[in-house]
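The first chain written gets the first letter, and so on, giving A, B, C and D; residue counts start at 1 in each chain.
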Amino acid sequence: MIPEEIVRSPSWYESSARNRITGLLDAETFREILGPAERVMSPHLELFDLPPAFDDGVIVGRGQLDGKPVAIIAQEGQFMGGTFAEVSGAKIVGLLRAVTASAGTPDGVSAVLLLLDTGGVRLQEANAGELAVSETVRALLGVRAAGIPVVALVGGRAGAFGGGGIVTACCSHVVISEQGRISVTGPEVIETNKGAEEFDSRDRALVWRITGGRSRVLLGGADSYVKGDVASFRAAAARSRNAAPPFTLETMAAEQDRLEKRLSSYGDCRDTPEIWARAGLADPASVPDIDDDAFLALLSEREIKHDAR
Amino acid sequence: MTPVELLTRLFPSGHEVVAGPFNTLAGRAILTDGAAVEIVGVTDGAPLSPEIAIELAGSIIRIVQDGKKTPIVLLIDTASQRMTRRDEMLGLNEYLAHLAKVVTLAGLSGHRTVAVLYGAAAAGAFIATALAAQTLITIDGAHPSVMDLPSIARVTKLPLEILEKKAETTPIFAPGVTPLAATGAVLENWTEADNFSDRIETVLTLEASSDTRDTLGEERGGRKVAHSVALRVAAEFGKAAR
Amino acid sequence: MRDWTRQKTERATRMDAAAPFADGKVVAADNATDMLRRVIKSGDRVCLEGDNQKQADFLASCLAQVDPADIHDLHIVQSGLVLPEHLDLFRLGIAKKLDFSYSGPQSGAIARALDQGKIELGAIHTYIELFARYYVDLTPNVALIAGVCADRDGNLYTGPNTEDTPTIVEATAYKSGVVIAQVNKIVDKVPRVDIPGDQIDFVVEAPRPFYVEPLFTRDPGAVTDSQILMAMIALKGIYAEYRPKRLNHGIGFATAAIELLLPTYGEKLGLRGEVATHWALNPHPTLIPAIESGWVEQIHCFGSEVGMDRYMSARPDVYFTGKDGTLRSNRLMCQNAGLYACDMFIGSTLQIDLAGNSSTVTPDRIAGFGGAPNMGSDAHGRRHVSDAWLKAGREAAGGAGPLVRGRKLVVQMVETFGEGMKPAFVEELDSLALARKLNMELAPVMIFGDDVTHIVTEEGIANLLLCRNADDVEQAIRGVAGYTPVGMARDRAKVEALRQRGVIRRPEDLGVDPMEANRNLLAARSIRDLVTWSDGLYSPPSKFRNW
Amino acid sequence: METFTIRARARAPLPGTGRQAIVGVVASGNLEILLERSETDNDVVVDVATSARGFRAVWEAVVADFVTRSSPGGVRFSIHDNGARPDTVTLRLLQGVKLLETQP
């Protein structure tokens, strides 16, 4: 009765951070660090008369994916927009530093899975949040420099905005679904500052054409495009940890080249269908509307893989 | 303070820095002992665009490729990242991340990296520039911020006056050098009376291989729990493996 | 000797005055305001077509530009007062008196204007009631209407959004009024003639297409577990119980949840083909999965819905379509269908009092009624029978006597607490305070308690048909009012006795497990899923997309 | 924010051996509940921190009904609430005890 294309298995977009972890890792392997019962919570939300969360919206720990140990970090986008703050950020940074320190030891992991679902910095803790992003960037690159891939998974309600967009692009590999969004300044903020003529945030098709999963993967801003179910994210995470670029001067020089070319090729475009037309896509206007299977087929035809991240 | 005034005070022994495209600058300076320092910068409070980010990153990659492990001083006067639909469409997040990555790579590759913030830096641009260096120095009058208070008021739906009042009790969210220094973002703030040349030479000799900003924030009382939380997570990480 | 043709003479005078601004029937957009100045006179009754969906928005902005010194004291008679320009007419002094049905986004502004004395209020009607008065005592002198396209003879294609237009035009044109249509385009030949040209006096090609509000689009992504629980309770306790085949749904999320549960939970209950086969309903996108799963025989629509046109054209066995292939909607006909030919109305409300009266009025908003009081009322003139109708009638009568007539099922679904933890159950409706403040003789009540047969909340069902006196009704309502003050003040013994009588049925009495009420039960969990169900035929408006 | 503690006596201890569980998220109109088997016998403790002021009586009624229905003796419920309605609170409480009961 129900069309096959309608995902009936748990949807990444709808799942909580905890349920995403459960679906992503091998059964019964997740070990949470500083779990809810430890009550490591934001000391600042009280000042704003806001209820805290037992985990401050970030769940960290380790487990196994296809039998190999991984470290995992998941932001809960429904709590305070999944924001980077003093405690939530410190949990991320602490885990990343521990991964680097354990590289090559029996406690080492094969990869870090970073489940982003964030509006960026928590403004009630703006300075701590901003620093947490900066410390995350540095700790994450430390992990990569130690030879351990960091895989970003983006497909939650909050997307990966603000500092979250920057952190995403620092990862070795970015997995995204149609609903996933990556950006720095959110459409609402651009509209507030520059007017609806610059960016009409209520035009959601436009928002997705600019920031959404399909646009990002076509432009090279994400590496793996998956259907929106948790199982597809799991499969992509397992695949991509073996094919991640190292964090080296060569990779950065290649990224410099890749990003320079993007600017010179598409810098004068106003909307993504212009980019796609210029890139030689047969029917650029249809890209947002075709189904996932058709889009995946289009991607595999074009082979836009790059190692420059 | 203009970039030239700043350079003259930092490097009285000499500097050869030229303006590049898009409000960037690049060049070299000489320390009092004759050692060289690479200079990369952004000027005039220019919002950080993909063009600026890629220009700065390109300069730094060439420095690292040089292989001499010369210290790099970043002179920063930007704004926030540029807020346009076009820049976001082109993946501004990747350009900002690329810049942050390249600055970090320089540090990991043996270059001492110090950012001197002599103007503004905000939000994502702050992360990609000043905060990406191993050490951040501010000059009196510098204005680092995450977001200005009126915008925070709008997003948090709190009246500005209330927010201003709360800012008096905690450095955790308000813009400016003092609160950001308290949270550990800024190592030192230099005033008009300071000898910039002595100072920069001292800072360049500091060991900076690990990120100690959370320790600094704990010591200064601006971020009381970040460091201990990070340590607890790290301590548990090994245990969770068994 | 009395002149029996004054209206015809007056009309001829106005037409002559307007002629210089027209080329035959065609008026250039730039001339529209000047033409209106010649055609409309102070004190006229004017229908400026606008309902809860389509708007003659260009003509509205033209009318708002006339000088109140030239034209004033207009009496506005139209179903929807929803554009800012509509309010401008009163603010500027062009219009004075108002008879309407629905205000939606302007509900706050109307309440303020009434309070300030800017509007002299005739009455708030249900649609069908206002339309009826067009033919008795509120006949428009001038009608400003909207269509998709027209030819130079004035033949009008109103298309999927036909809605109120034929009703307005009929009343105006056949009583010597003047009818002016704004169209998106003037063409050589219209796809079909919805309104014949001899009823249309002028056509104006508007600079942009007339506005249509996607009022009936509910994003499955926003359906909550509580709404799913209520939908399960309704399906098991009402649909499966009474088997209503012909029905109307309101626009709330709870009924959207029912629509999305039909192919899943409804299928499990074995209800396909047994209930909900024939509808008087706008083209709800959330009904697509049920239609595609073979639940629905046919649907007649009040209006269209943005993005649904292609889908409906491809499903002519279900929807009413013209020879050109597009939907034909008609609000008057569909309202009639809802009143006389449906066995059930089920919809949401904002407030219910202890007698079961319900209202969507809040202290500072007058949203009007639209069609709900009509859909949600028992038609005493009904004479044909159906099983559902008879069963409800027998429950109300307490038996099956020789002259027991049926009852329409009128079901109100409401979560015990609304936005901001505001209790939905109250001792006194806010509309009474509003009526006192504005000196209204009749407080605006959406559905009177004596028409309501069932109230569904997340706490269960109160079956008012089985109540035998006012005390039964009050305790039955308190019994499903949960933890609101009204609910906490219930008489526990009486409520338990009502439960024994089957007046109150809890989820557990129905075999509904609240733990199973979750979004995995929905046949579609997102707008994107609805597009997939429709095989790509549904193209939702941009504001509903997340791709 | 308003915080208070509600104490109750259940008919019996909650079955099962799970030590702790968490359900829900502190999203708008939602809540999280941390359940810990830390009380003795039939004691039930509910610590509430809620963003909605003035609803203590409602919380007490909800908890009383829940304790009658589920008998979660020996469990401490720690709640962070962001304006959840009573039916959501009841649902999360039921989900929580089910999770705690069935956990290894």
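Heads up, the rule we're going with is that a residue touches a chain if its C-beta (ideal position, glycine included) is under 8 Å from a C-beta of that chain, and two chains touch if they have at least 3 such contacts.
It should be emphasised that the depicted structure is a prediction, and the values quoted were computed from it without experimental measurement.
Participant: Looking at every pair of chains, which has the largest contact count?
Facilitator: A-B
Participant: Need the central chain here, defined by C-alpha centroid distance to the all-chain C-alpha centroid.
Facilitator: Given all protein C-alpha atoms shown, the central chain works out to be A.
Participant: At what distance in angstrom does the C-alpha mean of chain D lie from that of chain B?
Facilitator: 46
Participant: If you average the CA atoms of chain A and of chain D, how far apart do the two points sit, in angstrom?
Facilitator: Computed value for the inter-centroid distance: 33 Å.
Participant: Could you give the separation in Å between the centres of chain C and chain D, each centre being the mean of its C-alpha atoms?
Facilitator: Chain centroid spacing, chain C to chain D, equals 42 Å.
Participant: So what's the Cα centroid distance for chain A and chain B, whole Å?
Facilitator: Chain A and chain B have C-alpha centres separated by 24 Å.
Participant: State which pairs of chains touch, listing all of them.
Facilitator: Pairs flagged as touching, ordered by label: A-B, A-C, A-D, C-D.
Participant: Quick check: in the complex, which residue numbers of chain A touch chain B?
Facilitator: Per the stated touch rule, the residues are 31-34, 40, 43-44, 47-48, 60-62, 69, 71, 86-87, 89-91, 93-95, 97-99, 101-102, 106-107, 121, 123-135, 137-139, 141-142, 145, 160, 162-163, 165-170, 182-185, 189-190, 192-194, 198-199, 209-211, 215-216, 219-221, 247-249, 252-253, 255-256, 259-260, 262-263, 266-267, 269-272, 275.
Participant: Would you mind writing out the residues of chain C in touch with chain A in their complex?
Facilitator: It is residues 263-264, 267, 289, 293, 519-520, 523-526, 528-529, 531-533, 536, 539, 542-547 of chain C that touch chain A.
Participant: Tell me, which parts of chain D touch chain C in their complex?
Facilitator: Going by the criterion above, the answer is residues 29, 52, 55, 57-58, 61-62, 83, 85-88, 90-91, 94-95, 98.
Participant: Please give the residue numbers of chain A that touch chain C in the complex, ascending.
Facilitator: The touching residues are 1-3, 5-6, 8, 10-11, 13-14, 178-179, 202-206, 208, 212-214, 288-289, 291.
Participant: Per the contact definition, I'd like the list of chain C residues that touch chain D in the complex.
Facilitator: Against chain D, the touching part of chain C is residues 224-226, 229, 415-417, 420-421, 458-459, 482-483, 488, 514-515, 517.
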